[in-house]
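The next block holds one structure in the form of structure tokens; read it before the comments.
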Amino acid sequence: MGNNQKNVIELEEVVVKFAGDSGDGMQLTGNQFSDASASFGNDLSTFPDYPSEIRAPQGTVAGVSGFQVHIGNKAVQTPGDLADVLIALNPAALKTNMKWVKPGATIIIDIDNFDNKHYKKAGYIEDPLHDNSLKGYTLIKAPITSLSRATVNSLELDIDHKTADKTRNQFVMGLLFWLFNRDVKKGEEFIVKKFAKKPDLVTINKAVLFAGYNYAETVEAIATQFNINPAKNRKGTFRQVTGNAATAWGLIAGTQKAGVKLFLGSYPITPATEILQELSLHKYLDVKTFQAEDEIAGICSAIGASFAGSLGVTTTSGPGLALKTEAAGLAVITELPLVIVDVQRGGPSTGLPTKTEQSDLMQAIYGRHGESPLPVIAASTPGNCFKFAFEAVRIALEHMTPVILLTDGYLANGTELWEIPNVDKLPEIIPPLVKDNDPDFQPYRRDPEKLNRFWAIPGQEGLQHRIGGLEKSDIYGAVSHDPFNHEVMSKYRAGKVQKIENYIPEQKIIGNPKGGELLIIGWGGTFGALNVAVTELREEGYDISLAHFNYIFPLPKNTKEVFSKFKKHLVCELNLGQFVDYLRSQHPEFSYQQYNKIQGLPFFIKELKNKFKKTLEEK
Amino acid sequence: MGNNQKNVIELEEVVVKFAGDSGDGMQLTGNQFSDASASFGNDLSTFPDYPSEIRAPQGTVAGVSGFQVHIGNKAVQTPGDLADVLIALNPAALKTNMKWVKPGATIIIDIDNFDNKHYKKAGYIEDPLHDNSLKGYTLIKAPITSLSRATVNSLELDIDHKTADKTRNQFVMGLLFWLFNRDVKKGEEFIVKKFAKKPDLVTINKAVLFAGYNYAETVEAIATQFNINPAKNRKGTFRQVTGNAATAWGLIAGTQKAGVKLFLGSYPITPATEILQELSLHKYLDVKTFQAEDEIAGICSAIGASFAGSLGVTTTSGPGLALKTEAAGLAVITELPLVIVDVQRGGPSTGLPTKTEQSDLMQAIYGRHGESPLPVIAASTPGNCFKFAFEAVRIALEHMTPVILLTDGYLANGTELWEIPNVDKLPEIIPPLVKDNDPDFQPYRRDPEKLNRFWAIPGQEGLQHRIGGLEKSDIYGAVSHDPFNHEVMSKYRAGKVQKIENYIPEQKIIGNPKGGELLIIGWGGTFGALNVAVTELREEGYDISLAHFNYIFPLPKNTKEVFSKFKKHLVCELNLGQFVDYLRSQHPEFSYQQYNKIQGLPFFIKELKNKFKKTLEEK
Amino acid sequence: MTQSQTKLTRADFQIDGQVKWCAGCGGYPILAAVQKALPETGVTKENVVFISGIGCSSRFPYYMKTYGFHTLHGRALPIASGLKISRPDLHVWVATGDGDSMAIGGNHFIHTIRRNINLNIMIFNNKIYGLTKGQYSPTTPLGSITKTSPHGTIENPFLPGELTIAAQGTFFARVVDKEPKGMESVFIDAAKHDGTSVIEILQNCVIFNNDIHEQIVAKDVRDDRMILLEHDKKMIFGKENDKGLILDGQEIKAVKIGENGITMDDILVHDKKTQNPNIHYMLARMTYPELPVAIGVIRSVDQPTYEAMLDEQVEHAKKNSKIKDLKGLLHSGNIFEIK
Amino acid sequence: MTQSQTKLTRADFQIDGQVKWCAGCGGYPILAAVQKALPETGVTKENVVFISGIGCSSRFPYYMKTYGFHTLHGRALPIASGLKISRPDLHVWVATGDGDSMAIGGNHFIHTIRRNINLNIMIFNNKIYGLTKGQYSPTTPLGSITKTSPHGTIENPFLPGELTIAAQGTFFARVVDKEPKGMESVFIDAAKHDGTSVIEILQNCVIFNNDIHEQIVAKDVRDDRMILLEHDKKMIFGKENDKGLILDGQEIKAVKIGENGITMDDILVHDKKTQNPNIHYMLARMTYPELPVAIGVIRSVDQPTYEAMLDEQVEHAKKNSKIKDLKGLLHSGNIFEIK
């Protein structure tokens, strides 16, 4: 097998999109495909795309759920703009996704579902297979449902209809294994592992996998196979990871390195829930999770835990962050360590809850009453959510402050092939603890460098003290209404956060560190797309560089210096211009241009490149 | 009486500070004094100053409560920097207030309370009457308590001790009547009115009033009387009004002019509570107030009322605003009228709850998740809280949007002598209502000019529709996850708010409208102090003008033009620089200097003038 | 309240578009029952408003051809309260989930109830967070394994009826999504009740908590594990109608009629109208297997509503206030004419 | 838990600075009683933490020489919960007001209780918002004139005990600020109870709601209008100890012993330990003038705490997890070695 191919084309990369009903298990199929690709040595990036209804009526456009996988033999940094291969299990899936495929793409449909009834449900007026709309595409009409069923039935195992139909994924998988010229054994292994405890399921799924593979090999329709070689220059131990899992693990890593326990107080909300779910699995690592009655109780329980000497963490998305702002202010004035993770989604209000956006930035920086400064950082790839969750823990503990870590739906649910870090080599984190009975301890005495106060923990002898939301006197921490003390304390709080700039890396330039014509400025989850677009344009000879920010407030110390090396500055964000407004207020000396997209979707590389070229051309 | 004065000095203005225990009724005495002043035709401004404890232990510094009154024969715009006359009922009151009196001020103390016991309670180490610290002041040691008691006792009316002691205020009042060379009849009238139903109280208070008056006239200590003539150039019908009362009345006026009912959903919080209290008194004007279980229920009930065709209003202070931000976002996406009043106080967190500050600005502008634009306006004097509450109602209803109105503790509790507006001459407000069964009605069809949607109200026939927090399709208002629709709707929401700039007045310049050297920029409650400082400096010949903002977001259309007329721009605020950062992001072409104070106190005119002069001198 | 002239039908309340719950979701029969019950309550279409929070259940207003408002997670009740207080003429229904009403919305739940605002609150109790895909809710049974409790929950669940009654509720009923007739009749009773009506609907979530109520509502066991309460009738149950409830000291007990000397006379009569909540509290708390679960209207007592008392105060103020208008208000107190 | 070696005294818990409540505030005797009770609970100073929300009552932690945290209005309980769950070794007390715990904090109140987290919650029930100067609270009697209800309140007040029990509370007691001995002994009982202890303190606010409890607690009437419940003892009251409580059908009734054939044998015995909440619910709800108000420990039953169950799960996971450390976690699942 795998050797008798007719016509194999070598590809650097390919984007495959799986689409079907919400209940069809598209995410699972996509994951299986990407895991298989990883095991063949490809680099990859994935992104799911699902509606806000759980399972809107079958066959309707509202119910279509998708999963996009981008694999390649060079570094893959985004799930890809448009698909080379689309698997559409029904007409609604086809209809929804035709605008997201490349011209000439290969489209595999389950022909069993392409009948009048399904067309109508999907809202088609004409039969898309006969109205010329698919002209120019390579269409593969596979009888996926019927062949899967027939295969299962032939085994005479007394399998019910529903279970039989679930094997369709394996048919698709078999087909793809052939299409990508891969050893189908890997597919077999996956099945054996997944259904380890259910031998019947192993049997039927294996059979259907082979049925798919053989169908592809046999049928005339598929003339070409693709071959994507293993990624070069990437050595090490890798795994797929979503941003949410990486965030959870980064939090664990940070607290372990600090020698404090991790306490998560949270309330479920899309797309942040998986962090809570993930952490609830790791009690054996001394992680405690508390599913609170609401977001306010979530953050408050975390503050209580921090007061008691754990690191309190709370995870949420925009609407939840809104609810947490009052309590965040309490953490600011009491100067307790706390990590707030905001996985941004489409707003305002409930907005587009399953879509991605970067529109909580202003709320993160400014969304508290009074003068309430706190540091804000942002992760930029699914994998580096680990690194920045770790950073959030470090900053919170070493500087005694609440920290907001921004990720987004795109990072949270997307995956990349991530090199597993060496836990032993992660830096130590040193919280400013106090010794029992320290005669010099005062609740608001400060470290002269960082300006943080020290952390005396209930249970410690001789350090009893009281903190709270009323303004406190410098050093001694008594309730104080003194006007000048308030000014002193307000400035300490601001200064403490500003001084974090001395403890974070300088801003890097991707491209020409000496400067040049155009600097692209981005932050957070758009890194993959911006980086690819800039890199490709540089390869094409354009004078363009990228400064992509992970440290938002305070900004890296050299930000002004970096900006001043370039003539033009284009700030790209998935919102209506929040970072650019913030930059204007912080570094008003540059005249920023802006490029914004607010469609609940990530940037596409193509649209970025177009915009960048235009910006370069403009006088 | 009142004619046999020894030595009368004519004054343009005078600042009197009343200080005593929280339970001593200083606010009442102050109010009585200022009402009397008003009835003599003086202009005035007042400001209370009280601790966050209700009645901290008697005689302690923590328990001192104060009330400052500034009266004059020219326009009085602030309660005054420092006092000309201090009435200190005990040593703690003296101790707390000595830093707020002018050199050479007249200090009236209740000598009965100046003994060792009281000194100790107040934390004095040495007797302040004998340690030379009062040198240079005119000290009047009046036996206020003992003479008041004696006066009451002499009436043989069987009055208890507590009640007798309460008459001390009238003793002080009598003393002041004499000191300010006023007809004591006015004081009598006040007493008769106030205790109308309690003849005994009339008798004793009157007696003590005269006792105070006569004491002043008789005793050698007081050598000089002051005379402040009625204010010139002010004709009309006036009353004292606090910012909170003016806000409440402005809300009533606005809804009446719009023909909609007023619904207030609120939760008590200092210093906003009085708006709820005031509105709860006016049910006869069809005002409904709902004291909710928390701030969130407060704003949500208001949103429900707005959906149902009333104008929903919610009132709060910083911590409450933080809690309301999620719901404010719902009002943004559903495009319902709503007024949110934020009476700012010292932050962060519980902060300095009874003190004033301007530090909720960023939260008001940016403190919501997603792209959630809403207009923000600010009142600038106690009296014009009426005007801007009215404006908030107008903008909310005519533009179908939530509006944040910012006031602050200084405006809320301070008073000015306010010219009562002619209700009939207030402008009409015209909400975009829909006719029953209008066949063209669609929930998200928009007015082409203002971009607002229309307001169809439950109960109206043939207009049934559903709104909600999920993104909706343009015009039709169906739930929509369409990427391009989201962009369109996001831009409509932003555009609608931006377009309000066409429906607000242009920014005015106080001083030289042609421009000049230095433009002072302020916003909200600092108007009085900035205006006086700028006006005085202009009179002294300095090239300085003031642009004081009431419309914050959007800014008046001519803002840039106004700024560009001046060489230097100094932004003055009671925070660490929020408006200035906002201006930098909106009009980055100017290089703003900033002057900030964050002490829970208003600006003093003296410190402003110093700063302004320095700024003018700098190169 | 405006009453409809021509009799409405179910179709008057059905939307043209799609209902987007999962196939088999308990939401569908509930929706149908509401659409059938509404015409029986004598309302006009334009005077009915549906308010909801966030959750699968809270999509409800989108599926009703009336005025509707899909609000914020947990906040349906204060929004509905503001609406009803400002417009007592409207008929206001609230659709909410167990999470929406009792997790994030728990405070509004008890406060709305104690105010006795005339709202009809339908709690879709599927004992799980549906929309966020399967985390435990405040009604999830102790020990349940869910996405956020991989080792089992460690929280005692709320009983909605218990909370309702302790928050001084005037109306509480429990119904089952599988029983259209039962739902319709209770919805009509709730609509007629002048005060806060809380209806707990045992709803199935096929995707994340399938068959959670089956232990009680399954066809073959339901007669023995549920008891249908009817006002003024004996509280009897069982396939053979041979079991009943008696009061034994401080406790309700289920007994077999004819056994141990128990006769029909010993069986309690259901009185939903008694002001004293003690027995309603006990009935609402009955859980299987100790006792059958009570279905139907458990409590329905008359008490003045918040909005009626407020309107009375408004009318009273209008009649008695010395100040009559805004001008009068602005000129009240100390006024200074300066000439 | 760490136990103190040398016996502590009241002075160990007194601060050096000023207590800043109004003269005559009910807060003072409560503070004294807590400071006297603590040494009896065998704690060490450094293991005691006081948490509060915002309100006059919530200034409490500033007045105790222990660890303390004055938090946000309404949020004392979730903060205390996080603290206790993460550190079960600490002794955590919560000081809260009727507004703090039952207005803005109502949801946290019922959720904390159902989780049975071992906190000792003192509710200073002065039936008013003190700190904001006199607005009605959720416990203010219907019809009361306050700063925000100039025409009288139109809301049914909560009874803290009723809510506690309906939220599946394991401990509820009621005490009076005027009775130091009663407070001390109940505080000690609460400290010993392993689970959420709710103590309602009838507290006087001299400034904004003076004498609100006098109708019940005034010296001359108290014996007839309050009943002190003691475990395993007959529920009798009255100046002459001649009245008692009986159960009459679904209702508790107050009777005179010796009249109408009632003898001591008919009088109920108080059993605070019975799991069945029915009788505790009724006792907690007793209000004057129908019945005497119950004082003392009404309910105190054993049930596992949230933090104990969680710690068990943690221990179990540590023993049984195949993955043992972070490295193992990162390498679990599908790993690809690329060479």
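Order of writing sets the labels: A, B, C and D. Residues in every chain begin at 1.
Keep in mind that, in the parts below, contacts are C-beta pairs under 8 Å (C-beta built on N, C-alpha and C of every residue); 3 or more make two chains touch, one makes a residue touch a chain.
Note that the structure is a prediction, hence the values are computed from the model and not measured.
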Discussion item. Need the most distant chain from chain D, centre defined as the mean of C-alpha atoms.
Written reply: A
Worksheet item: Counting C-beta pairs in contact, which comes out ahead: A-C or A-D?
Response: A-D
Practice prompt. Could you tell me the distance, in whole angstrom, between the mean C-alpha positions of chain A and chain D?
Written response: 44
Worksheet, complete the sentence: Per the C-alpha means, the centres of chain C and chain D lie apart by a whole-Å value of 29
Item to complete: Find the geometric centre of each of chain B and chain D from their Cα atoms only, then give the gap between the two centres in Å, rounded to an integer.
Response: 39
Discussion item. Can you pull out the residues of chain A that are in contact with at least two other chains?
Written reply: 52, 283, 293-294, 319, 326, 330, 334, 349-350, 468-470
Fill in: chain D, residues touching no fewer than two other chains
54, 70, 72, 104, 106-107, 111, 138, 151, 310, 313, 317
Fill in: Sites on chain D touched by chain C in the complex
104-107, 110-111, 114-116, 138, 151-152, 154-158, 162-163, 165-168, 247, 249-251, 276-279, 281-282, 285, 303-304, 306, 309-310, 313, 316-317
Fill in: List of chain A residues in touch with chain C within their complex
23, 52-58, 60, 62-63, 267-270, 273, 276-277, 280-281, 283, 289, 291, 293-295, 319, 349-350
Worksheet, complete the sentence: The residues of chain B that touch chain C in their complex are 35, 38-39, 41, 230-231, 234-240, 249, 252-253, 256, 261, 263, 265, 282-286, 288, 290, 292-294, 296-298, 300-305, 307-310, 312, 326-327, 330, 334, 417, 420-421, 423-424, 458-470, 478-479
Worksheet entry | Footprint of chain B on chain D - complex, ascending | 18-23, 54, 56, 59, 70, 72-74, 103-104, 106, 129-133, 135-136, 138, 147-151, 207
Worksheet entry | Parts of chain C lying in touch with chain B, wherever the complex brings them together | 2, 17, 44-47, 49-51, 54, 61-62, 64-72, 75, 77-87, 89-90, 107-108, 111, 310, 313-314, 317-318, 320-321, 323-327, 329-331, 333-339
